[in-house]
Amino acid sequence: MSFMFWILAALTIAGGLAAVLLKNLVHCALAVTVAFAGLALLFLQLDAQFAGFAQILVYIGAVAILVVFAILLTRGSETPKKEIGVFSRTWLAGLVVAAALFAVLSWAVLQSAGGLSQDDAAPTVSVLQIGQALMGRYVLPLEIVALLLTAATIGAVIVAMHEKEDSK
Amino acid sequence: MLMQEMASVPFAPTTHCGPAGICDSLWLIPALPIVASGVIALMKQPQRKAAAALSIGSLAISLLLALVAFGHVVSGWTHGAAVRETVNFTWIQVGSAHVDLGWVLDPLAAVMLVMVCFVGLLIFIYSTGYMAHDENFTRFFCFLSLFAGAMLGVVIANSLLLLFMCWELVGLTSYLLIGFWYQKPSAAAAAKKAFLTTRVGDVFFLLGMVWLFAQTGTLLFYNGGAGSMEALKLGGLLATPSGLGLTAAGAIGLLIFAGAAGKSGQLPLHVWLPDAMEGPTPVSALIHAATMVAAGVYLIARVYPLMQAGALVGGTTAALTVVTWVGAATALFAALIAVAQNDIKRILAYSTVSQLGYMMAGLGMGGVAVGMFHLITHAFFKALLFMGAGSVIHGCHEEQDIRKMGGLRGAMPTTFATYAIGMLALSGFPLLFSGFWSKDGILEAAQHWSVGKAPFYMLVFGALLTAFYMTRQVSYVFFGKWRGHGQAHESPKVMTTPLAILAFFAIALGAIGTPAWPWFRAFLEGHAAEFGFAGFNEPGLLALMVTSSVVVLLGLGLGWWIYGNKSPQVETPDALERAVPPVWTVLQNKFYVDELYGVTVIAFYAWWAKVADWLDRRVWGGVVALVAWLFRGGAQLSRLSDEYWVNGGFDKGCEELSNSGGLLARVQSGKVQTYLRLLALAVVVLAAILIWSSRG
Amino acid sequence: MTPLAGYLLVAALLFAIGLAGALTRRNAILVLIGIELMLNAANLNLIAFWRYGPHPEALTGMMFAIFSIAVAAAEAAVGLGLVISIYRHAQTTDLDQMNRMKG
Amino acid sequence: MQEKADQIFILLRDWLVGFLPASWQTAAGVLLGVVAIIAVFPGLFALTTVLERKGIARIQNRLGPNRVGPFGILQPIADAIKSLTKEDVVPLTADHAVHFLAPVVLVIVVFMGFAVLPVGRNMQLVDMDSSLLFYFAMGASGEVSIFMAGWSSRNKYSLLGAMRAVAQMISYEVPLLLSSVVIVMITGSLSLVKIVEAQNQYTWGLPHWYIFTPWGCAAFLMYAISATAETNRSPFDLPEGESELVAGYFTEYSGFKFALFFLAEYLAMFSISGLGTTLFLGGWSAPFAFLGWVPSWIWFFSKVMMSIVVMIWVRGTLPRLRQDQLMNFAWKFVLPMTLLNLMVAALWRFMGEGWLRWVVCSAILIVAYVIAGRIGMRREHLGPRTYRYAE
């Protein structure tokens, strides 16, 4: 357990918590960006450079920006009124469920911690191999993802497009 | 063997065509006019020229094809081989039984094809002039083309079924064309009458066909030895007896003959033909003189092997005997009636009937060649006469009563000349005219008939009458002085030209049937035709020729003596009427046949209809009412049960359902997070279970 | 405690946080953010298992992670588009008020 | 001798590191590299500012800075002192934390981009397998900080500027990536070092730079356009269009933070033109074989400065676009052309050696560009323009 790992884990968790807890939506968005960055660094820690950079490119470069845009377009940036909090009426139940889930998962992890592999030899994987895998063994998923992205782009555009009749 | 093959491959035509292959495309001949009629049906009324051009063009192409086919057959014949080529295919297949259709090309069909196409074409052309001022011009040509197609279909059919289809189609078009001027009640009535009367015959025809199929399992005429007109099957038919001491062959033949009689207006089904003259004159010429009525004769010729099956050499069969007697009787009977008619077209109609009788008699006694030869010649000169009559009517402003005409000799010379030729041909003026030779053939056959001499005398008397009434008509129409109103005028070229052409053939056709050179007979019977006067050496032939000439001349003279050049007024009674009033009235009223039918058949039907109506109202109506009442009672019962038992339970169930639904609906709150929560909860539980089960 | 267990615990915690966010926040966008967090936790799992799994050269976990990143991008785009259109329609992004289909 | 001149900095680093215990050496080496980058490029920035101001002035028929030092070359120093000593004003309602973080994050991110650029033979901070991807990842993260800056300062101009900037950068990031993907396709590697080495070979004394291939030329064109937009340079400088929104997203910044933004902008220029140089202009390789003796880093920096000069020139020449024109240009012209270029590159790759692929690829591209130009002219009703000069 490297020292680096703990720092990054703390950063990520902190970012996640902030994202969930903060009042101002934009702060949440920025916090989640921090969490994304932390995750990307964790990936690098796991010798998964490609995945890490892809994570940065996609999440910080695109998703975070999208979220921010959405927030500004839905006037979410103003801090909400005091009388209704940022949490829904049923927040307690939600919290309980989440806690239960975490309990179960961690229980599972600790249960099976003994059986987990100990070896720490970093696998040497070049981008070339990844590319060949993408184009060879995983070409079908790749094509499907490409289709999915196209469909999603078009769909998002159509969904978010202004209907001509209701010009509010 | 062929049957098996065809059963295995339906729609695979088994053709016995020669290398020429014309009979492969023989179907085009009827198809073209039918298609043309279909196209014309889609045309708008003003497009007269297009319609006429289309139908005439299609028929012209058909004529060309027919001529090619004819040439093919002739060439085959001159090379000493009797041509009979067929194309058959399976139409319907039910299990092992299958119904085949097909067409045949043999001398009979070839001759008939050429005749129908040729006469039809001339009449089409004539019609363009005659119908020029009718507003339903396009409709007329549509029907006309359809008729031509159907008729040609009858001609080439190699299957009794296909023939029957086209036969009915012909009947339909004849109905449509007779009733063409449907606004005239008389025309509508005539159309109905024609349709129903021929139907009577067709029922028998259908019966005969079904029986034939039941007996032989095929309706094909010729099928490489397996056809119903070929020795194999005929033997089978002869072997199976039927009632009244007839063989199956004879019985079937009689049934089919009934159909033919209906179509060809033989006794006792002739009544529709004179009334059919209500149609436009070209129709009368085409359908009720040249082609359709001949279809009956053609049918008999087509099934002739069946008719004469089992006949000894020179002997005859029951079927043929019946044919003969009916034919002879019709010939005489119709001729008698014709004497006392005043409507120019009716006279011709009755003469047609009587001539058809001659043909039938010829078939019955002398065989296919004799009957068919008269058919061909008659087609030409009768078409000529009808069209001449049409031209006369046209010229006299739609006047049809011969007593209101007269002296047209000067007014319309062309018509007169051609009409005179036709009249002489019909009455069989010696040596020159085709009618003489064809009728002579029939008389000769009658003279040598093995059963009896009566038909011979009847036919001779008929010939005399024919000459007589034709003379009467001509002298009424063309001689004497003008008794009509307005001024008569000659018809346009488009009408007179066909007349001239037909007139030429009315004379020329005689050449191919003289005893000196019996080309036609030889052609039909498929043996070589040799030229020479040996033909005249047959015993009694010359005497017969002399007799018939004398008879004809006698008729002509008698007619001229009584009617020639006198121009009696309309109101003055006819010469014969003054001589023998009762006979005259009987003839005038066509032997009261219509009235007879009126008081017998029709009255019976009317009574039967009343009975049926009464049954319908009282008996069946009562039953229906009873059933309805019962059901109403049942309905009452079920309603009660519904209200008191079913509804109770059902309502209860619905209540329960809605309650439980309400409970479930609590969950369906529409709050996304609730769903997500439940989902997560489920995941937790599942994961817990999994781990619990997997540990240890 | 093995490194893998550490990564898995972090992933589990992150997942739980994301779930909590998705379950407790009013704002639809925040719910989406929570979902993104959960997806990322899953990715972390995948990568960790790839790294410490028996056959890293097979690249399975890595591929899975990459594909899920791509899919997540699509999901975010569509989800946010939906939120925006809903907002344009109902003038709110509060999930507690979006509980009927009529409107 | 020339070997030494080429590798002089490497040798220097090793010599310095040599004084330390072995365990620290690698870290120290990296640290030295970072220091070098941080030292060199801001210096270059200072040089560039004066260059730009002089150049623009020349184009606009002015004199430009000429007071501080001979020909005003010491102007940047004065500016630096000024901005350092100025008061740092933060708006009252501003979101302080974010407002403070924005420029820092931006500068850090931009600096990180340099880590993978090979500024000379063996002269790159890290040589990793997927350095190009890393570079783009860093470039993408810059947008967040720009948004932070614009949003946190509670000023509609700032927010609008930030929005424009982010939208523009996202839109032009796509063609930027696609036009570089062509290179990756041909080279078969994401590592910038390998890319440069692939270009560092000569036939008849001429280099194998990718700009000298049809697809490479087209890609370079697209890359240049996208890069100009990516760095918010004129004619794509709407985010800080002073005539519309005062200074865009750093309207509310002053003093040192403002300087940081300014620095970040120029650093972005350097890094992106450095990347362009690496991808298309053969990085540190010499333009002619016989010039191989000149140290590689000199070539790199001269090429970068050349492209900077071109950028300045363009800025002085072209008028600013409108927002819709900007977006339309990105999505309706640049993107399709890069996609087409992708196809062409694939064609090139699979047609194998020979003169044929030259003909085919150039033909396709020329036809496509001519058609696109014709259509554009027709739709926009553009024609030859007429200028009137003041006498």
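Each chain gets a letter, A, B, C and D, in the order it is written, and its residues are counted from 1.
To be clear about the criterion, contacts are C-beta pairs under 8 Å (C-beta built on N, C-alpha and C of every residue); 3 or more make two chains touch, one makes a residue touch a chain.
Just so you know, these numbers come straight off a predicted model, no measurement behind them.
Shared contact partners of subunit B and subunit C comprise A. Centroids of subunit A and subunit D (each the mean of its C-alpha atoms) stand 30 Å apart.
Centre-to-centre spacing of subunit A and subunit C amounts to 5 Å, using the average Cα coordinate of each chain. Centroids of subunit C and subunit D (each the mean of its C-alpha atoms) stand 34 Å apart.
If you average the Cα atoms of subunit A and of subunit B, the two centres end up 90 Å apart. Annotation for subunit C: residues 19, 22-24, 95-96 touch two or more other chains.
In subunit D, no residue touches two or more other chains. The multi-chain contact residues of subunit B, meaning those touching 2 or more other chains, are 671, 673, 677, 680. If you check each pair of chains against the touch rule, the ones that pass are A-B, A-C, A-D, B-C. Subunit A contributes residues 26-27, 30, 33, 37, 49-50, 53-54, 56-57, 60-62, 64-65, 68-69, 72, 77, 126-128 to its touches with subunit D in the complex. Touching subunit A in their complex are the following residues of subunit B: 671, 673-674, 677, 680-681, 683-684, 687-688, 691, 695.
Only residues 88, 90, 93-94, 97-98, 100-101, 104-105, 107-108, 111 of subunit A touch subunit B when the two sit together in their complex. Against subunit B, in their complex, subunit C makes its touches with residues 19, 22-24, 31, 95-96, 98-101. Contact residues on subunit B toward subunit C in their complex (touch as defined above): 669-673, 676-677, 680.
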